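Okay, here's the structure, questions in a sec.
A, B, C and D label the chains in the order they appear, each numbered from 1.
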Amino acid sequence: MSEIDREKLLDIYTRTMKVNRTDEKFRELLMQGKVAVMYYCVRGQELVSAAAMAALEPDDYVVCTYRGQGEQTAKGIPMEKWWGECLGKATGTCKGKGGTMHITDPETGIMVTTGVVGSGLPIANGLAMASQNNGDGKVTLVSFGDGAANIGGFHEAMNMAQLYKLPVVFLCQNNRYGEHTAFADHTDSPNIGERAAGYGMKGVTVDGNDVNAIYPAMADAVDHARSGKGPVLVEAMCYRMMGHFFGSDFSYMPAEHLAEMQAEDPLPKLRKVMLERQFTEEELDAVVAQIDADIDAAVQHALDAPLPDTNEIYKDVLEETA
Amino acid sequence: MSEIDREKLLDIYTRTMKVNRTDEKFRELLMQGKVAVMYYCVRGQELVSAAAMAALEPDDYVVCTYRGQGEQTAKGIPMEKWWGECLGKATGTCKGKGGTMHITDPETGIMVTTGVVGSGLPIANGLAMASQNNGDGKVTLVSFGDGAANIGGFHEAMNMAQLYKLPVVFLCQNNRYGEHTAFADHTDSPNIGERAAGYGMKGVTVDGNDVNAIYPAMADAVDHARSGKGPVLVEAMCYRMMGHFFGSDFSYMPAEHLAEMQAEDPLPKLRKVMLERQFTEEELDAVVAQIDADIDAAVQHALDAPLPDTNEIYKDVLEETA
Amino acid sequence: MAEITMTEALNKAIDEAMAADDGVFCLGEDVSAKQGGGVFKVTSGLTEKYGEHRIRATPISETAIIGAAVGAALAGQRPIAEIMLMNFVGVCMDQIVNHAAKLRFMSGGQTPCPIVIRTTTGVGVGFGGQHSDMLEAWFAHVAGMHVVTPSNAADARGLMRSAIEANDPVVFIENILCYGLKAEDPGVDYRVPLGKAAVPKEGSDISLITYGRTVLDALEVAGELEKEGISVEVVDLRTIAPYDEETVLASVRKTGRALTLHEAVRPFGTGAELAANIQEKCWDSLKGPVRRIGGTFAAVPFATHLEQAWIPTKGEIVEQIKASVGKD
Amino acid sequence: MAEITMTEALNKAIDEAMAADDGVFCLGEDVSAKQGGGVFKVTSGLTEKYGEHRIRATPISETAIIGAAVGAALAGQRPIAEIMLMNFVGVCMDQIVNHAAKLRFMSGGQTPCPIVIRTTTGVGVGFGGQHSDMLEAWFAHVAGMHVVTPSNAADARGLMRSAIEANDPVVFIENILCYGLKAEDPGVDYRVPLGKAAVPKEGSDISLITYGRTVLDALEVAGELEKEGISVEVVDLRTIAPYDEETVLASVRKTGRALTLHEAVRPFGTGAELAANIQEKCWDSLKGPVRRIGGTFAAVPFATHLEQAWIPTKGEIVEQIKASVGKD
C-alpha cells in the first residue's frame, strides 16, 4: 500500500486539528459556563472523522450523528455558521432551531445530523439512491457508532444498500462504548466489520488511531462506492476519551480501559508521522495557530450574533403557501 | 451423523402428513367455497415444520407466523380448536377473535402467531429470557421466512439472544420468496444462515426437503440451546409450492423455478426414506387414513360449532376488574 | 368520459407524475413488474415505462424504505414510498415522525422532505387485528406533514397528483375496500388541492363530517334520511390534517349540529379534534353537543360477524343523527 | 416522614416490587450497575440486590427490548422495559401497539401482557426536536393499554407500584424536569390505583384538567388567580388513558367551565378527547366552550428562548381562564 502523499497528509492533519481544537474550545466554553448546551465530545475520534472527510469530494453527501462535530467541521461547514447553530443563534446553519444534535448544511454536503441512533443509515441510502438515479457520481458517507450497529435500521440499510449496489460508505466509529455500555456488553461478535459479509458486502475493520491505516481504508471504500461496485462497511477502531456528553460521568469506565485509551491517543501518533514525513514543528504549530485564530473569531462572531426571532417557532413547519 | 431412529422417523412422518393433509383439506374447503378466509398454504414446507416440532419437548415454546399451520398442528394443537379458530368459531383457540393469522394455544406451547413480518423473533427472546430467569429448562423456537431476515427485528433479536445466550432456536424457513419477491431480489448474500456469524452465533443452512438433513440439524440446535450454549440460527431451504396465500396469483414465479420446486418436493422424498427404513406402504397409508379421519371429524365439529357471542368485541381488551 | 377504478386512478396519477418529473420514483415491497406491479396492482405497468431504478422493489424493510425516501427527498427527488398495510408503520414511525416530518423545521428550512407515503388498510376484509387499523390520528398529531385519504376514484387521482407535488411529507391512506370503486375519469392532469374538503351532499339539519370509506355510508344514510325529512350535509375532509377548517366550520354554523364519523377507534381519534374545535369555534351556533362515531375500542376481531359488529354501522349513524336533531 | 425525590420514589417502587415478586425484572439501555444504574439512576442499586438477570442492560435495540418484555410477560413474568427517551418509541411502536396491547384480545384472553414501559421526555431541557416530544396521545388511541404519568414523587411511587401489578401493558411517562421533585415519602407498599385522577386543588369557577409537569404550572396559576377571586379547580389525571371520566365530568358539572392543558402539541392531542367528551356529557352544565392549551404545533426548537416560547406558558393559562370566566 503506497504511502499517503505529503499534501494529502497535511490536509488530514489540518482537518484533524480543526476537529480537535473545536472540541477543546467547546469544552473550554462549557467549563467556563460561557455556554450551556448539550455537546458530545469527539476527543479521541478526531482522526477518524478527518480521514473520512479527506477521502470525500467537496460535494459528496454526509450523514452523521449528535457526535458529528468531527464530520461537520472537517467537511468544511463555515465555522461561524457552525458555532452559531451550536449557540442557538440566528446566524447558525439552521437558524438555531436544530442545535448541536441537528446540524444541517447542504452547501457543504452535511445533509442530516440525527439524534436517533442508527437512523442515519437508511437516510444515507436514499441520498445514494438519488445519486444512482440521476447519475451525479456522488458518494454518501454515513457515520455512526458501535452501539448503533445493533439497531434494526443498521441491518435494513446494509441489506438494501448492497442489494442496489448503492454508492454509500458506512463508517462505524467503534469507540468501544454506547453511552455507558461497553462493546462487550452490547455485542458478542469480535467486531462490527465482519457483519458486512452477512449482506454480501465488502467490510473492513481498521485502526482509527493510525493515519496510515484509516486514510487508505477510507479512500479505498470511497473509490469502491463511487465506481459502482457497491457499498462498503468500514469499522474504525477508536476511543471515546471523554464521557458520553460533556459533563456526564464516566466512572463506569474501568481503569485499564482508560490507560489503554491514553496509549492509543491518535494525536501524538499523527504528530509523529508528520515529523517522520519531514513536516517541521514550526509548520505544524502554524497550522494549529491559524485554526485557533479562526475558531476564536468564529466563536466571538457567534457570541455576538442575534437570537432567532421568536416567530421562528411557527416557520418551516410546512411550506408557506401564502 | 447417526441415522434417525425408526420411532422418531415415524413421529416425523406422522407430523409431516398431519401438516400436509390439513393443508390439502383447507385448500379443498376454500376451493369448494365452504370456507372463505385468509389462508397461507404450507405446501412444500411440511417437513421443515414437522422436523422442528419433533425436535422439541411438548412444553417448549413456539412463536410462528401467519404461515404457521405447520408448527401449530405439528406441535399438537387439538384439531377441533385449530379448525374452530380458522373458521371464526367460539370453539376456536382464541374464540374466533384471532383467526388464521393469530393462532395462540399456550397449552401446546404455541405462544404467539404474528402477522407482522419479523416481529416474532424479539418476542421469542422474551419467552427464552423468562426460561433463563426461572430456570424451567424450556427452549423457545421461532419460525420465520427468508423475507423476514431483512427486517430490523431479526437483527436486534439475533444480537440480543447471543449476548444473553438465550435458549432460542431461530428457524428461517427459506422458501425462496417473500410474498412476490424472489430471494435474489431482496437479499444479495448467498444465504441467511451465514448471518449468524456476524453475531458470534452458531448458524447452519440445511436442506429442508431431506429428513436426514433437517431433523438432525433441528435436534442439534435444540440441544445446543437447552444446554445453555446459546441460540442457534437454522436456515431450512425449502419451497413455497403455492401462491403467497390461497388464491393469490403466482404468475411471477418463473417456469424453471416451478420445475426445480417439483423435483424437490419433500413428500415423495420422505416416503422413499420411510420405505427404505422398512416401513410398509400399508403402515404409512394407515397413518394418513387416521389423520384424514381425525381432520374430517375436526372440520365437521368446527363447521357445526357456534359463532362467538357478539359481546366478545368488548371482552379481553383490558383485564375485567369488576 | 370513461370510468376508472380507484386503483387505475392512482396508477394514472403516479404515471403522469413520473412522466412529468424524472425525480419522481416509487419504492416498496413487490411494486415492480417482476412481482406483478404491487400486491394491489397500483404500480402495474410502470416498470416497463420507467425502469427498475424508478420502480424499486424493496426487501421487507420499512425503516429502510422510508429512510431511503427521506434521503432521496433531501437530494431533491420526489419518492413515493409504499408501506403495504398501515399497521406496519409501527416499525418505521421514527423515520416518518422524527425525520420526514421534522427535517424542514430542524434544518431551519434548508431541507424540505417531499415524500408520499402510500399505505392501505381497512376493516371488513377479514384481515384481523394486525392488518386493519386506521392510524391517521397518530400522524395528524405530528407537525410537518399532511394526511390524506380519498373516498372516490376521481379524488384519488387528483389527491395523489397533488400529494406528489407537495413539498412536504404526505401520508396517503388507501382503503382496501375502495380500490374497486368506479368514477368518471376526471382526466389528465386533474388535481384536488390538499387541505380542501368536499361537500358531496348539502343539507340543513346536521353536518356529518367524515372521510375515506365511511363517506359512502354517510351518503347512503343521508339519502335515506332525506325521505324522512332530515336534511344531512355530508362533509368529506379528503385531507384529514391539516384539515379544511373553513369548510367544516361554515357547514356547522349553517346546520347548527355536527356528527363526526370514522372507522378508526373513537377514543382520542380525529373526531375528537373536530368536535373540540367545532364546539369552541361554533359555540353560539350549536343547537346541541357535537357527537362522534368511531370503531369499537378493541383490536379488530377475525370472525366476520364480530368484525362487522366492530365497524360503525349505518344504524348507529342514523341513531346518532336522530338523537341529535331530536327525532325518533 | 422523610422526603424523597421522584427518582428515589420510582427506584423504591421498583425495588419493592422486585422483592415481592421474582417475576419482576428490568431491561433497558444502561440500566445495570456496570453502567451506573441507568442514565437517570432510576435503577441504581438494584443490580447489586437482584443480579444481572433481573436488571438487564441491553444493546440499543428498542424493538428487541419491547419484544423481549412481551415474550417474558407471555411466559408469566412482569418485565419493566425502559425506552430511554419517548421519541424512540418510533422504532418500536409495532411491538407496543400491534403486540403488547393486542395479544390479550387476539388470543381470546389467553395471553395477557403485563409489562411496564418506562420512558422519559419533556420540553425545556434543550434536547431539541428529536428528544422532547410527549406522545401519550398515540397510546391513548390504542385499545388494550394504560397510559400513566405522575406529577409528583408520591404519585410516582404509588403509580409505579400499581403499574407493575397491572395485568395489561402500561406506558409510564416520566418527565425529565420532574425527577428532582421532592415529596413526603408515602412509605412502603404505597399504591395509587390506575384510572383514578386527583384533585390537588378544589375550585368553583373552572376545571383545569392536566397531568404531568404542567400540573405544577396549573397549581401556580390557580394560586395566583385565587387572589384575584377566580377559583380554579385543578384535576391531575395521573392516568391519561383510560382516564377517570367520573372525576373529570363531576368537576366540570360543578364548575361549568373547563380548560385542558398539556405539553404535547395541541392539535389531535389528548385535550381534544377531553374537550369532546366533556361537551357531549356536560352540555347542559357548560357555561361556555371547553378550551384547550397545548404545545406549539411544530418540532421542539433548540434555542432556549424558542423552546420556552414553544411551551404552554403560565401567561397563556391565565389568559384562557380569564377569557373563559369572562374576566380581564
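The definition used in the following text is that a residue touches a chain if its C-beta (ideal position, glycine included) is under 8 Å from a C-beta of that chain, and two chains touch if they have at least 3 such contacts.
On a predicted model such as this, the values are computed, not experimentally measured, just so you know.
Q: List every chain that touches both chain B and chain C.
A: Shared contacts of chain B and chain C: A, D.
Q: Taking contact as defined at the start, I'd like the list of chains shared as neighbours by chain B and chain D.
A: A, C
Q: Check A-D against A-C and say which one is joined by more contacting C-beta pairs.
A: Answer by contact count: A-C.
Q: So which chain is the furthest away from chain A, centre to centre on CA atoms?
A: In terms of C-alpha centroids, the chain at the greatest distance from chain A is B.
Q: In whole angstrom, how far does the Cα centroid of chain C sit from the Cα centroid of chain D?
A: Result: the chain centres lie 30 Å from each other.
Q: Suppose each chain is reduced to the average of its Cα coordinates; what separation in Å results between chain A and chain D?
A: Result: the chain centres lie 36 Å from each other.
Q: Nearest whole angstrom, what separates the Cα centre of chain A from the Cα centre of chain B?
A: Centre-to-centre distance between chain A and chain B: 45 Å.
Q: Could you work out how far the Cα centre of chain A sits from that of chain C, in whole Å?
A: One centre to the other, that is 40 Å.
Q: What are the residue numbers in chain B that touch two or more other chains?
A: 94, 96-98, 102, 114, 116, 119, 150-153, 156, 159-160, 163, 185-187, 312, 317
Q: Counting only residues that touch at least two other chains, what does the list for chain C look like?
A: If we look for residues of chain C contacting two or more partner chains, we find 58-59, 61-63, 87-88, 90-91, 94-95, 98, 105-106, 128-130, 143-144, 242, 297-299, 301.
Q: Which positions of chain D touch chain C when the two form their complex?
A: On the chain D side, the touching residues are 63, 87-91, 93-98, 101-102, 105-106, 128-130, 135, 137-138, 140-144, 241-242, 264-265, 267-273, 275-277, 279-280, 283, 288-292, 297-299, 301.
Q: Considering the complex alone, what residue numbers of chain A touch chain C?
A: Going by the criterion above, the answer is residues 61, 63, 92-98, 102, 104-106, 111-112, 114, 116, 119, 121-134, 140, 152-153, 156-157, 159-160, 163-164, 312, 315-319.
Q: Can you list the chain A residues touching chain B in their complex?
A: 150-156, 159-160, 162-163, 185-190, 194-195, 197-201
Q: Which positions of chain A touch chain D when the two form their complex?
A: 36-38, 88-89, 94, 96-102, 114-119, 147-148, 150-153, 178-182, 185-187, 249, 251-252, 307-308, 310, 312-314, 317
Q: Can you name the residues of chain C that touch chain A in the complex?
A: 22-23, 25, 27, 53-54, 56, 58-59, 61-64, 66-77, 79, 91, 94-95, 98-99, 103-112, 143-146, 166-168, 242
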